[in-house]
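When the chains are written out, they are named A, B, C, D and E in that same order, and each has its own residue count from 1.
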Amino acid sequence: MSSSKRLGKRSARYSALGLVAALALTACGGGSGSNASANNTLVIGIESEPDILDPQGGGGWVTYRISHQMFDGLVAEDLSKPSSEAAVTDLAPGLATSWDISPDGLTYTFHLRQGVKFHDGTEFNAEAVDYNIRRMWDKSAPQYNARAAGNTTFVWQHLSAVDVLDNATIKLTLDQPFSPLLRLMAQGGSGSTGIISPTALKQYGDAIADHPVGTGPFKFEERVRGERVSMVRNDDYWGGAPKLDRVVFKPIPDASARVASIRSGETDIIAVPTPDSVSGLQSDGFEMVDATPPHVWFFSANMKEEPMKNLKVRQAISYAIDRKSLATDILKDTALPAYQVQAPANTGYLQSTDPEYPYDPDKAKQLLAEAGYPNGFTTTIETSVDGSGQMIPVPMAEFIKQNLEKVGITVNIKTYEWISYISHFNAGLEPGVGMAQMSWGMSTPYWLSIETNSSLIAPNGPNAGYYQNADLEGVIAQAVAATDEDTANKYWEQANQMATADLPMIPIVNDKSPYILSKRVKNFVLPSEEWYDLTKVELGS
Amino acid sequence: MTDMLLEIKNLKTHFHTDGGIVKAVDGVDLEIPRGGILGVVGESGSGKSVTGLSVMGLLGSRRARNAGGQILFKGRDLLTFNDRQLQKLRGSEIGMVFQGALSGLDPSFSVGSQLMEVIRRHQKVNATQARKIAMESLELVAMPDPERKIRSLPHELSGGQRQRVLIAMALSCNPELLIADEPTTALDATVQKQIVDLLVDINRARGTAILMVTHDFGVVARMCRTVAVMRYGKVVEKGTVQEVLENPQHPYTQALMNAVPRLHLTAAERAVPRPERRLFELTKNLPATPVQREEAYAPL
Amino acid sequence: MIKLLAKRSSSAILVLLGVTIIVFFLVQLVPGDPARAILGNGATDQAVQSLRQQLGLNDPLVAQYMHYLGGLLTGDLGNSVNLGKPVADVIVPRLGNTLILTVAALVISVGLGVPLGLIAARYQYSIFDRLAMALSLAGASLPVYWAALAAIAVFSLALNWFPTGGMYNARMPGGTPDLLNHLILPATIAALVPLAVIARLTRSVVIDTLNQDYIRVLRASGVSEKSILWKHAGRNVLPPVVGIVGLQVGYLLGGVIFVEVVFHWPGLGQQLYTSITAHDLPIIQAGILFIALMFVVINLLTDLAVAFLDPRGEVAS
Amino acid sequence: MHPYDALIRVENLRKEYTVKSMFGTSAKSFVAVEDASFHISRGETWGLIGESGSGKTTIGRMLLSLVEPTSGTILFDGNDISKLDRSYQRQMRRRTQMVFQDSGSAFNPRRPVGEQIAFGLLQYDLCTRREARGKVLDLLDRVGLADMHYDRYAHEFSGGQKQRLGIARALASRPDFIVLDEPTAALDVSVQAQILNLLKDLQQERHLTLMLITHNLALVEFMCDRAAVLNHGVLVEAGSVDDMFQAPQSDLTRKLLDAVLEPEISAAA
Amino acid sequence: MSAEIIANQTQQATQVPPAPKPPGELSGEPAPAAAASPARQPSRKRLALRAFARDKAAVVALVVLLLAVGGAILAPLLTSYDPYAGDSSRRLAPLFTPGHWLGLDGQGRDIWSRLLYGGRYSLTVAFVPVLCVFPIALALGLFAGATKSRLGGIAMRVLDAVFAFPIVLLALALAAVFGGGLGNVMMAIGITLLPYMTRVAYNATVQEIGKEYIEAARVAGATNAQLLFKQLMPNVVSPLVVYATSTMGLMIVTASGLSFLGVGITPPTPDWGVMTSDGSQVLLEGYAHVATIPGFAVLVVALAFNLLGDGIRDALDPHKQTS
């Protein structure tokens, strides 16, 4: 045999070996799922990899949208109505069927739903609730978890005692009246109060995030980091079993790739499509669903230094920004112009038809001149490049820069990655930085307090612009201490009015939080909230 | 002249370079009878190597062009051969050995496998037979311990042994003509002599005709029957070795002969004290060449 | 061979030690307070301080480094700040995914680049050669993410040949065929730049080899051009080409970050990218360390392979 | 011969190369030169004969302090060169020069050759900067090159011209002793003849002491008075060339003599 | 048969004899005629320029780069549009829109104008880090390569460790550390580049120091400093210049990658990388021109730098400078 033939054979053998190795490598990635369930699996393309699936410790809307499907809290919201029917979500019974509030507003007695079982079979009862609340609040409890506590600080800040009255009743005692409590208990933006199976908590401890066990409509199936989080139907769900067999949340961080994935049929629903893709998708037969969640995209002004210290300057900026064009041209109507600090999906929202700061560059120039800056000034705007709820911050900032430069304000843009931006933002605005962009919101107006309270001035809290307004704090304190909802709301509206007039934060737009749905998806409702319910959703063929 | 194995008639090989046409071989006539040994002597750039490569069709450069003449091998004009015919011819009917024995063997394959590849390329034999022929070829070139050497990789052999392998390779298919292009340059003197003697032995034993390209009159004297002296692409003088060496006619030949340092000078020569002994002085004995001969500036 | 192995390995270990130092101190430079990042917006100063204490962030840097190194040696990469689990649990599956992508890209770039270089060398100065080399020069200057998006536009959206990203079909993960289906496009894009470089370098190595004396000897012996190119030149360009390919793995590991981001391939690059943005220092440290480790190991293997493939056995610079 | 007639005297010279392993243990060594003793008299040309790898170049380099001997002494003009102080060392450097086998690679490819030849002059303050060019042109003229060659670069010269350049540079510092390392091995015979003749003329003119390293016995016969034969680092024979070639004492010498192919018709053909 | 004289000696005078072939050369092709003609020798610079001018690809590359530089400098004369000001109502207008032949970007800014002004940033990113690193790399490489000292060895070891990081990864990590923006990106790129350029200088030094001319210079009495600066340096600078030039293209690509990952130059700076990464957000929505035009600019300039590097290498090679 010639050596050339031998060489050929040998190299063939090598390549065969390589192939086998490659297959062996890939074989470990084999999957699960049968054809039938695959057909009834809803795939949702989401904008980033979720945080840990511990509902109390995991932060961010993206994560809560997932853990919300597996966990319930005592208090829920009615997520069955679109924004057009309910501008603000109504509170609804969750794992508590009802609750009594003492007239002094200091004790809350929750009557728990009976016959509910966690996904692992553990019975849901008052002990379970007690166990969970102490995990978030009671430093002396063995299950106390610093991260869960940190994320739920605002909810439990006035809690002084938890008492199990009986198997179906639990009493929370506060040290002062705290009207936002119920709404905060129904929130999930930065950690929620979803109830976890105590058995599972005891078993897994901190690793609960990889074995989430709740009472929700879907049961955890598996999580492949970077690839998917999947869950299957909970046939025993107390609210009625969902229609879908499985739900898969698939993180696709790049917006273009997300859009591509629904076009190619790999996903059924995607979050946050690029604004420029929406009309094309719609004309290709995809449906866009949007809402008015409690979301505002705003600038925190640096109240420590000139010229932002000057109210006239802040007003001038607010007049100078063409919110309408921003929403229509840049964001392609995926957002609404925002003229007040609180979002429409908030009980403190003012139903005034007249916006306070219409686009008026001339007035802006005039105000600047009055403030002593007839020739404008130079300032820096900081923003993240992406992030949950941030929409498309850089193009938006670029647009606003152009607006401001028209009235003589020269703007430098500084950008950061989302998470480094959060810590940078929370450290407080640096000298020389005029405004820093942020987006947030809650259906409870208490959010305004979190943003403006002087005790939460950075770095102790999210009041990054160092805002102090004793009058506003006084009104908010009255709202918090109110024991009936109407009184509270009246104070909240007043607070909103004051903040909008004083502009510690310059609101820009309210996100409409659009989702793109393929034709197969039926009964998907987007309420006035940052998350949604999937129990009613069905898939066609 | 019909019994000539190789007849080169008015061969012209030109190179088209950026600086114009270089006539490396410019009308050369040479002939070798069957079993003969022709020495082609010249200095760098004389066109002697290009002549050998032209015969093999191995100029391999885009710039090389044949500009006329004939190369008749056993009556067939090799210049009319296509690539396939030439490939068949090379190694089987005409073998070639180059200078630079150190790098002449593929370092990655054993001596045996390289020999066998050439053998099986030209002869319809199986591996065992090829191996046998390879062994014979190695024995022919007096390779010590051929059983072991056939399995060796080239770098395991000395320079002289490698040159032997190359000769064995060139001879493995029993060609009628061997073109040896300075096969001993860069070898130690002792090895050089062995190789030269080996070639003479092979010529006698097998009747293989040899075209010996060299710059060394010593080699010519040792092994050749006829010799041609080349300069600037032309043959300036040719004849039997006896005639040319003992009575060179062309001044260039004379000059070259004079320039070779010799041992065992005659008593008369030795009587000259060393400092006064002189080698040949080019400018005096040669007609002035046009330009560019570097040595035109020689002050001698 | 064993001696060479020992020598190369020990110098590789030195390099790795240097790598750990660089990784450690690089990460120290990342702005922001990891403790605050963990605890979120509402955390009090006190909580942040106690977590800093707990994480050892208040120790002197050198002590932190020694602690880090000690952990590494015992296989403890620490816990992810954000993910609440051991770093190794996060990194290892990602590493596997990146390896799949990298190996596939390597197979493509070598499988196409080397023959391309060989043929271009064989037909040096031909139209094919000039075209191939111009293209590969351009290929080496291509912004990878742009090429990735363009490939999605064409091959996923317009032609619908391949999925737009991910590793498996989310609806019904389908094992190896599913994986291959998801692998082809990103692997090809990741392969582009190394393919171009490999083709160019292979070409020049082959041209060098074809000018060697022994090639001329083989020609003079009537050996066919095919055998000369594929057997003799092919065998002899192997050591330098393996060296070139080894170096390209480094570029691959870098370029793969873009491919992983655009194709949302759940690999180490993407994890690293999100961790850099999420400030997850232990993950960043481990991720960079692993990539560097892979790089060093590949270099080591390359060195040894070159030495092994070199017929003279011991010669390797 | 009186010892002071010797310009160079070498005693028990030895050079061993060690290949250290990674951890400095188990060192491998290779002896390039073993216990060599010889002397070179003023004004003579001393030949060092050996085949490739015999260590002859290593000896040449040791004489010029380019390679440090493992042991043994080298006396230059009666002084042990390893014990010279700085200024004497400098003097020694000036007085000893070398012509390389391939002067092409011995010239910096990116500097004009004239400048490189001038270097030796300036380095030892043998002339002023202004005079340097003229002196170099004289040197070039002496070795048979023209003024215009001053500003050229090494690659533009032919083999013979490069050797001439190498010789010119070696002469620049007015040395007493020049090591010629295979100075004509790469040249055509006609060119070789010119270079050899040139070297001879220069030796007479400048009273040079030469050491010729070569494997070509004919060159030694032509150039040298005395010579030595080196076999794998060991000097196997030394003495006057005439004696040695007429009555060789060692096998190697005999073998080498036997291998010389003379351009005369012998019985062999 | 008597010996015959064949050559016609007079004929020799009329023809150009083949140039002498270097001994040992086997190619069968004579080397180009060695320049020994008595003509007046042109200056080195002239020769290098002449060699460069013969390289068509390099000349084209140089023209392209000069156009890019010219366009960047003369941008205000070549366009009337502000690269920062857009008309959001006309955003993403296609190619050949009247008045905007390259169309408008996502902010409704004129792409042609941004392309011109963008050259100022992209070319700076390519040029400045390389320029800054050059002397450091040269000094380090020379020092480590020539002295073989312990310190140099340690320096090279440290750089070896830096080598273990893929370029993009290191640049990404550094950019993340420094934060975005032109200056920081250039710093990140410079630091990333340092080991590579140092290695080139080091390798060239080690290679050159083994050559005979160094030994010859030592025989001629050169001191160590003279060897280093007079002999070695010119031979080390040349390959480093070539490498640096070729690298500039790669650096634009790298910088653009950083912009894509959000750690690069900050928008709305009209840097080509920023433009490409901006545009890639709408690439799949049918607005391919927004990303492709600046991407193409990056490609062309990177290519030009590569070809220029090749051209400079040849031009600086004394062997190719034939008059």
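The definition used in the following text is that a residue touches a chain if its C-beta (ideal position, glycine included) is under 8 Å from a C-beta of that chain, and two chains touch if they have at least 3 such contacts.
Keep in mind the model is a prediction, meaning the values are calculated, not measured.
Colleague: Quick check on this structure: which chain has its C-alpha centroid closest to the centroid of all protein C-alpha atoms?
Modeller: Answer for the innermost chain: C.
Colleague: Considering only C-beta pairs in contact, identify the chain pair with the most of them.
Modeller: Max contact pairs: A-C.
Colleague: Select the chain at the greatest separation from chain D, using centres from the mean of Cα atoms.
Modeller: Chain centre farthest from chain D's centre: A.
Colleague: Counting only Cα atoms for the centres, state how far chain B is from chain E in Å.
Modeller: Going by mean C-alpha positions, chain B sits 46 Å from chain E.
Colleague: Indicate the whole-number Å distance between the mean C-alpha point of chain B and the mean C-alpha point of chain D.
Modeller: 32
Colleague: Express in whole angstrom the distance between the two chain centres, defined as the mean CA positions of chain C and chain E.
Modeller: About 24 Å, centre to centre.
Colleague: Report the inter-chain centroid distance for chain A and chain D in whole angstrom, where each centroid is the mean of the CA atoms.
Modeller: Each chain reduced to its C-alpha mean, chain A and chain D end up 85 Å apart.
Colleague: Two or more other chains touching the same residue: where does that happen in chain A?
Modeller: Each of 3-4, 256, 260, 417, 420 in chain A touches at least two other chains.
Colleague: Pull out every residue in chain B that's touching 2 or more other chains.
Modeller: Residues 43-44, 58, 60, 98, 100, 109, 117, 294 of chain B touch two or more partner chains.
Colleague: Where in chain C do residues touch at least two different other chains?
Modeller: 30-31, 149, 152-153, 157, 213, 216, 227, 235, 261, 276-277
Colleague: Residue numbers of chain C touching chain A in their complex, please.
Modeller: Touching chain A from chain C are residues 30-33, 36-45, 47, 51, 82-85, 90, 93-94, 96-97, 99-100, 103-104, 107, 149, 152-153, 156-157, 160, 163-176, 178-180, 227, 231, 235, 261-267, 270-271, 274, 276-279.
Colleague: So in the complex, the part of chain A that touches chain C is made up of which residues?
Modeller: 3-4, 7, 18, 22-23, 25-35, 38, 41, 43, 48-49, 51-52, 54, 57, 59, 146-147, 150-151, 153-154, 190-191, 206-207, 209-210, 224-228, 230, 248, 250-254, 256-257, 260-261, 263-264, 266-267, 417-420, 422-424, 426-427, 450, 459-462
Colleague: What part of chain E is in contact with chain D in the complex they form?
Modeller: Spelled out, the residues of chain E in touch with chain D are 20, 22-24, 34-36, 38, 40-41, 211-213, 215-222, 226, 230-231, 234-235, 238, 318-319, 321.
Colleague: In the complex, go through chain E and note every residue touching chain C.
Modeller: Counting only chain E, the residues touching chain C are 26-27, 157-158, 160-169, 172-174, 176-177, 179, 249-250, 253, 256-257, 260-262, 273, 276-277, 280, 283-284, 288, 291-292, 295, 298-299, 302-303, 306-307.
Colleague: Residues of chain C touching chain B in their complex?
Modeller: My answer: residues 125, 212-214, 216-225, 227, 232, 235-236, 238, 311-312.
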